[in-house]
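Look at the two complexes coming up: subunit A is in both, with subunit B in one and subunit C in the other.
Moving on, here comes the complex of A and B:
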């Protein structure tokens, strides 16, 4: 009986823990995808102060990942750079050495502002926002046939001095918004 | 090598060349084949692993972003390689992620993704390789290739090998046909010349030298040899001719001398007859007309003179008869030999009637000869037999014959005093006597005449004897040619 109680408690505890983290199965996958972006995107060496300095993945706005992002990034390295996740509440908080920024803002105007503020800096921008690419964003998640798909704006990435692997481009839907193209 | 022994040198050379060519080609081709087999396997593995490298590099994103359709698309590119019969991608948990071709029976696949590298299995080349992005393994790729390419290649190689061998053989056949002539032609020419010389005996023929190699020197040696034989033959025939000429000359000389001798002895005996006859006549006249005036001693001396002159007359007669024989030709007729001998015996026996004589005359075959001379033979032989048996109490004389292949041998056998065979050489010599004239009278010409007659008839005469036991004379006469 005591064993049964213990198991019950354990299950309850796990359920409780799961309930506490806002992430879902969808964001678990997206966290892995974000990690994978670091594998298929090349940053200019000027983005890093030294070869050992971390590759910073920032989250602006509400954090949908919970622990999944940390799980995906833990003990991983890209070209010698350890992966680190930072969470920002405002644009101002974004550090200079942020390399990938997941933007989860409720207002499109703010998003546009963020993107324009990142102009000239090699930061890969990722979001779920349907208008994200039109606003000058680089990679967008969307769901189709119950699967997470990618939209990529290679022009934007190029202007940020980032090179996205053709292997990644193959998988994604390429979008080149006319309004923002310069 | 007994296989080659009895075939012509031309064929022999050709077969040797072809055999060597085939062996060399086979050795070369099989080494290439073996090398190619090894290299091709190595190359196949390398090619497959390069292909795997390309596929896995391309499929990293698909694996990373869990896009099996994209992975499928990448794998479908393998259509370009018809020998790839299966390709599968497994994710990092070992779960089947994507496969090619779409109708692949995935249940049959071995999912032991731990095996690294590619290797040959039965009729497949297959293996696994990790799909790595950066330093991270995203999954595993499995590739399987059938060996059709290898078999196709080897088929092609076999055809090429067969063609090469066939072409080379054909080429070496024609080349050896042409090139072997440099060896066989001089040999065949030499053989031909040798054959021509041995069949026609024409030693003036010379073999033609076709080169300065061993065969050339062989030809030279052969020609030298033929020249020597030719020269020796010439010397020999010249020598022979001179020899013949010499023999002819000598014979002619001898014949001349013989004739001279004959005519000399004939003329001598002829010329001696007249004086001896006149001596005889005058002695007889002396004895008849002046018998009264002579005393007994004178008469006795005259008797000795008569006796000696008579003896000399006989001698001259015999000598004349002997020399006459050499001068005249024979006129042969068929002679009834038995009658001839009978008549002679009857005449001879008249003089010896007081003796005890047994005469055995066997039937004799006829002969083809000159009557007068054969008569002389029998007279001489029979009187000889009677003479030398005179001292026997009972005389036995037998006449017989024997038939030989080409001649008939007549035999006269007596039981007289005989002679020592050591003196046989003197038996038929002129004036040769085996007994003293005091013992047995005679001139020593009789048997010489007999021998001359028989030899003139183309026969032979010989005798056997034992002292005091008797003598047997044999003479042969050739049978008449039919």
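Moving on, here comes the complex of A and C:
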């Protein structure tokens, strides 16, 4: 019996080495939210090099989605633009053609730096960071009564030439930069 | 000669009874949502989905201080299981043995016997073990597997929260809210053992607060064969069931759930068919006083009727049950759950021979209970200490106190070390107390059985220790070790100087074991889950007793399970579930290995699958004198 135990531990150990990450249900939901954002936000046509070029969803920092983001985006198009996900490890890696950026950095200061570096570019920024909207971010996820809710800063989106549908705004808590987020 | 536990037909007795609200120690995250389903939802709907599946007391599986394992909807669907007992094979901490087309023996932590009786089984909060023998009639415990959200299997005692019979384990079958079963589902299958299978469910909503579903299913199974010659066993089994469920979110803080079921099960037995049927209805009201305080009130009625030809007993049982539960938090660190319940059971039997039967024929049984559990979390919830006790009063056992204490240490999200000590009882059942063989008087010089007038509850004191770890986000492992000390276990012995046998409490002993389980997803398309269980028990007679206690459980020492769920390109699925059960000592039953395989192709709303069960050999024996055959079926399912 000890032998069996050792064997099974060994097998699990080997499998462990080839590990990769599926996300949690929370991020499965958030991935679908992100998919929905692409439907309810309008990008200026200048954001795309041609009508068939992809709408790029970037993840900066640790990727909490696992495969859920790909699941949500696969075979989907917005106005002819296929949806794709790219992962970035640092600010420098963010590509020019990135249209939506999910930021998951541990340090708030870095997040602020990213946001300011995207000034004037039509990138929809999304994060879970509690200070995100204060720093100029656009959409923030938060959890209330075990359910995922949204906070949106429409001013920031407007200044990036992005128009957010009223359908989305209606469901979110609107936060303008000067009001302290709660 | 008087080994009641060895009297197989008696197993096929009746159905139904006992306890609690799905107090769901909370399971792991529900993976039953498919990306496609979520994408169809509106933003409003997305914003109303709970991140963890039990909101009352959200607790990650990784933080629960007990040996809990969860079978998800996907695990069931991908295993090819056709009924609840087959789905329970997917819990590595359960011992499941098929006896005939319609009969199973299911236990946790040993004591696998025809009368396995130390397990508490609930379907949506309705207790389904029978007070007739304190075990479960598995041939009438079915649900529409498509609508199961998850099955929680806790090995080890849970008497404090769950009450009597939660000695060695708890099975909690939880169906989806009707909110999550909208649309039409229809499925039909045919095969060599499961001859036909038809099921249909329709669900919808009247408005955003009120949803409903109704279902119907029918299945027919073929004969097993007999050891050693492979002769037909004449045990064909048919099962028909219909039911409904409604969920109404009456207001922000009030929710009402109502469900009902009726079924009939028919077994081919000599000289005529055995028939069982039943109806049940359950209502549950949940009220949230605040985010930190909620109240649940639940009531159900359950009637079951059983004409079991081989056992020579007809039985009608009516159960009325009401339960109240209140949970609330005091500040950040203290949480309290308390509850009270009452159950009334009216059992009427008819003995069709004078050679064996229950006296008195009819019994009214009352069960009163109340419990209190306190949880303290300190050091930023890293240490959780839970202590609680239940007081219950039952017709056959009088008052009992069932305490437990649990401690969990979660140094970080990935590791939990837990330990628990508990005391639980298996209350006497009618066949412990009222069993007569024969039912007419005999002089004390002729051997006969005269019930168990002095039989008291079987008792366990259990110590457990466990470790749960998530080394990577796609891998979780769990290890639990236990030591159980049993006292006042069942025995049948002659009164001194006579041939008058009575059912007594002349056996004692201990058991120990290890349960190891895990889930692993090496790639997006490939999931693995499984486990290994080691079990060992030592029983002995109390001084001056002579009962052959081997009848109390014939348990394998080792048991393995491995389930592989694989998504292939072009919407194909290839799944394999392999299992091994070690040999059983007394009487000796050879060990077996076998596996089930499922190949499915999904085309839009349609799913075509081919399933083979027990493929390793043509036939094998799991417990007694029947061969369980290789089974094949093809199934077409559509979901609109």
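Remarks
As a convention for this text, the second predicted complex is superposed on the first by the 157 of 182 C-alpha atoms of A that agree within 3 Å, B and C clash if a C-alpha of one lies under 4 Å from a C-alpha of the other, contacts with A are read in each partner's own complex, and residues count from 1 in each chain.
Note that a residue touches a chain if its C-beta (ideal position, glycine included) is under 8 Å from a C-beta of that chain, and two chains touch if they have at least 3 such contacts.
Quick caveat, the model's predicted, so the values are computed rather than measured.
Using the contact criterion defined above for the overlaid structures, shared-chain residue A:33 touches subunit B and also reaches subunit C. Contacts of A:79 after superposition: subunit B is touched, whereas subunit C is not reached. With both structures placed on the common chain, the touch criterion links A:25 to subunit C but leaves subunit B unconnected. In the superposition on chain A, A:71 contacts subunit C only, with no contact to subunit B.
Residue contacts after overlaying the shared chain place A:93 against neither subunit B nor subunit C. Look at A:107: by the touch rule set out above, it reaches neither subunit B nor subunit C. Comparing subunit C and subunit B on the residues of subunit A they touch gives the larger count to C. In the superposition on chain A, contact of A:173 is made with neither subunit B nor subunit C. Shared-chain residue A:165: touches subunit B; no touch with subunit C. The residues of subunit A shared by its contacts with subunit B and with subunit C are 29, 33, 36, 40, 150, 167-168, 171. Looking at the complex, you find that subunit B touches subunit A at residues 57-58, 60-62, 64-67, 70, 133-136.
The residues of subunit A lying in touch with subunit C in their complex are 1, 4-5, 8, 12, 15-16, 18-26, 28-29, 31-33, 35-36, 40, 66-68, 70-72, 74, 143, 145-150, 167-168, 171.
Contacts from subunit C toward subunit A in the complex involve residues 29-31, 33, 35, 38-39, 41, 43-44, 46-53, 55, 58, 291, 471-475, 477, 514, 516, 518, 520-524, 528, 532, 534, 557-558, 560.
Considering their complex, residues 29, 33, 36, 39-40, 76-79, 150, 165, 167-168, 170-171 of subunit A touch subunit B.
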